[in-house]
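The structure appears right after this line, and notes come after that.
Letters A, B and C mark the chains in the order given here, with residues in each chain numbered from 1 onward.
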Amino acid sequence: MSVFIAPGDDFHLESRDNVILGPGAYCDPRSQAFTPVNAGFEVITESKKGICAHVEYNSKRYVPAVGDLVVGLITGSFSDSYRVSLASFSTPVTLSYMAFPNASKKNRPTLKVGDLVYARVCKADKELEAEIECVDSTTGKDDGFGHLEHGTLVQASLAFCRELTFNAEYPLLSLLAKHAQFEVAIGINGRIWIKSEEIRHTLAFSRSLLECQDHPVSEHKHIISKHFKNVLNASS
Amino acid sequence: MAKDIDISSSEAKFLIDSLKQGFRFDSRGFEEFRDVGIEFGKDFGDVTVTVGRTKVHCRISCSIAQPYEDRPFEGLFYISTESSPMAGPQFENGNNTGEDEVLCSRIIEKAVRRSGALDVEGLCIVAGSKCWAVRADVHFLNCDGGFIDVSCIAVMCGLLHFRKPDVTVAGEQITVHSLDEREPVPLGVLHIPICVTFSFFNPEDAEENIKGDLNNEICLIDATLKEELLRDGTLTVTLNKNREVVQVSKAGGLPMDALMLMDCCHKAYKITETLTDQITSELKRDADSRNQFAAMLSSENARVS
Amino acid sequence: MSRLEIYSPEGLRVDGRRWNELRRLECSINTHTSASDGSSYLEQGNNKIITLVNGPQEPKLRSQMSIQKATISVAINITRFSKMERSKTSHRNERRVLEMQTALVRTFEKNVQLHLYPRTQIDIQIHVLQQDGGLMGSLINGITLALIDAGIAMYDYISGVSVGLYDTTPLLDLNSVEESSMSSVTLGVVGKSEKLSLLLVEDKIPLDRMESVLAIGIAGSHRIRELMDRELRKHGRKRLSNVSSNN
């Protein structure tokens, strides 16, 4: 079903009406032609609003885009905002003190340098520092955003993180859940935070996540049970 | 280092917690060295060593130079260990005055050059005027911890593998024979130093470490990059198979009980033994593959004894 | 060079010491009151070292600042006239000196209670006026004294000494003649414990002899700690008597 396309190819679209272009697609302003600008799998989905076309490709560097759910690391604090790193060696983003639930001038968030936060990218202009927020700005509720306490972090590829977030049928998380309870926060920026009651379970989860990203879905079950067996045997 | 890799406090806590329960992230034991892969190139003195995801390439080359005036009977030997962004974005180009880089190059220098692993007197051609200058260039291709250990293995493998062209001396006239003309000669390697790096972690607070008698400090062999970033102290022991301590460097860091350090040295010796055996067997395999036709061309015949 | 007898059959060394004897150790603190917040002058045999500590103070560069704790910097100035022969080049950017500085920073980082002084820097300047072997150990002693004089919180003393191995006999606290003719070990010991903060071996030593070398080194370091402690307390008493006589 998936079609591989490269820059210069044409999208396989039936009509040009109501097309929404996603990442990896470009509309030439002069000729109004749609061309892919990245090499990867063509994804065309139909929805009520129209047809969405984008290219699913893997890249190494995360570039913030509005609406992305990310796991950030606080690297500095200023008078009215935090500096947050979304990936090592990339430009930091800001997290304003006002972007928290029930924020006010008096009520300051209590995050420290080195803490992890789950947040949403709310501003991502090319020339400016991106901004993230820990609150759903429409409702003012925390919506699951905020400080991620304890647990650990796994560095995964960007494509793997997108797959985990957007593909509801991807079986990995439900496979993991069969072994133990856990909390997870998947950042589109290639960071997965995971936490469970016991250290060894967290360890098995993170090892499984790391290994599964390089293996087809059919092998996942085997890999996960291997890692769980490993930690349970070692401790007994 | 220009910029450091970001690491969160949750990860640091998780690492210590899992170490306390006896787990390492890559499911190795605390005293387990990663598997060492040694690959020889087509040319002599061209070695790539991989340990886990760390990859180091070493190239040995030689040229004819003039010896130092105060040491007319000794050849020259340089080791260059320059890190570049090729190994990872945390390394800066052309800036090798960072603390870790200086320590790394000094330890390699002490372990290999100052310990006399290479017989420099054997590099002399004409006393006082001509000698071989041997150069080891170490390139770090990928970084996942353990640079010192891996580059030491790479340099030693390179030196053992390298062959220098044969020379004949007639008075002041010297002739260098090309590799096709005459069988090149190996370098005189006197012993094989092996570096083993220990990383220390303090599971208690600082006061317990200094005042207490618990000695609960955790010590890991051959740390990965993440473990290296979070460790409290480090110790590099260099030994050879003759049970000689060639070099020890514990430049500060977590204070450790002297007996524990001695224990580390003994553990390092076991690793030294296995690694030395591996190096010699890999070298032999390479030599055999190069000389696979030697038996055919040889005029020797099996003797009945 | 004529062959010197490093260790005579009677058990005497070149300078007449026995194998387990330290060199003369004299030290004083608060020697450079106007130039620094803490200072010491240390003579260990013929090593003569001035150590100046400035800080905790505001860092000169904001990038050096850490929010959680103080940063330590060590600068070693080995004067050109410190050895028998005047050296032609400055030692400032030698890799050996850079390595020593790094080792000293890392040694004291774990022993000074840095978390008490966030956003500050502690500068340590060392001037080596004369050197005669076992330099690294003397530097450690000098810094310990100067840090105490500066009133910076530490967990314990760190005392350093070098030990050599001559054939099978360990020799404590080497001078430069001995250092050049045998392999040596430098230790940095924390307080009265047997914990080593620093351990440097630069030449070949049989693995089975290490233990005896470390044992004599630790004993020597404890002795140095006592000597430094005595001098400090003497200084403390003097100051105390000055204060009480003023009232």
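The working rule: a residue touches a chain if its C-beta (ideal position, glycine included) is under 8 Å from a C-beta of that chain, and two chains touch if they have at least 3 such contacts.
The structure displayed is predicted, hence computed values, not measured ones.
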Could you set chain A aside, keep the rest fixed, and say what connected groups are left?
one piece
Which chain maximises the distance between its CA centroid and that of chain B?
A
Could you put a whole-Å number on the gap between the CA centroids of chain A and chain B?
40
Report the inter-centroid distance (CA atoms only) between chain B and chain C in whole Å.
30
Distance from the CA centroid of chain A to that of chain C, rounded to the nearest Å?
52
Check: chain A positions touching at least 2 other chains come out as none
Contact set on chain B toward chain A in their complex
3, 5-14, 17-18, 21-23, 25, 27, 89-90
Chain A residues within the chain B interface of the complex:
73, 75, 85, 87-89, 112, 114-116, 148-153, 193, 199-200, 202-203, 206-207, 230-231, 234-235
Chain C touches which residues of chain B in the complex?
97, 99, 102-103, 105-106, 110, 114-115, 206-207, 209-211, 232-233, 235, 239, 243-259, 261-262, 265-266, 269
Within their complex, chain C touches chain B through residues 95-96, 98-99, 102-111, 113, 155-156, 185, 188, 190-191, 193-208, 210-211, 214-215, 218
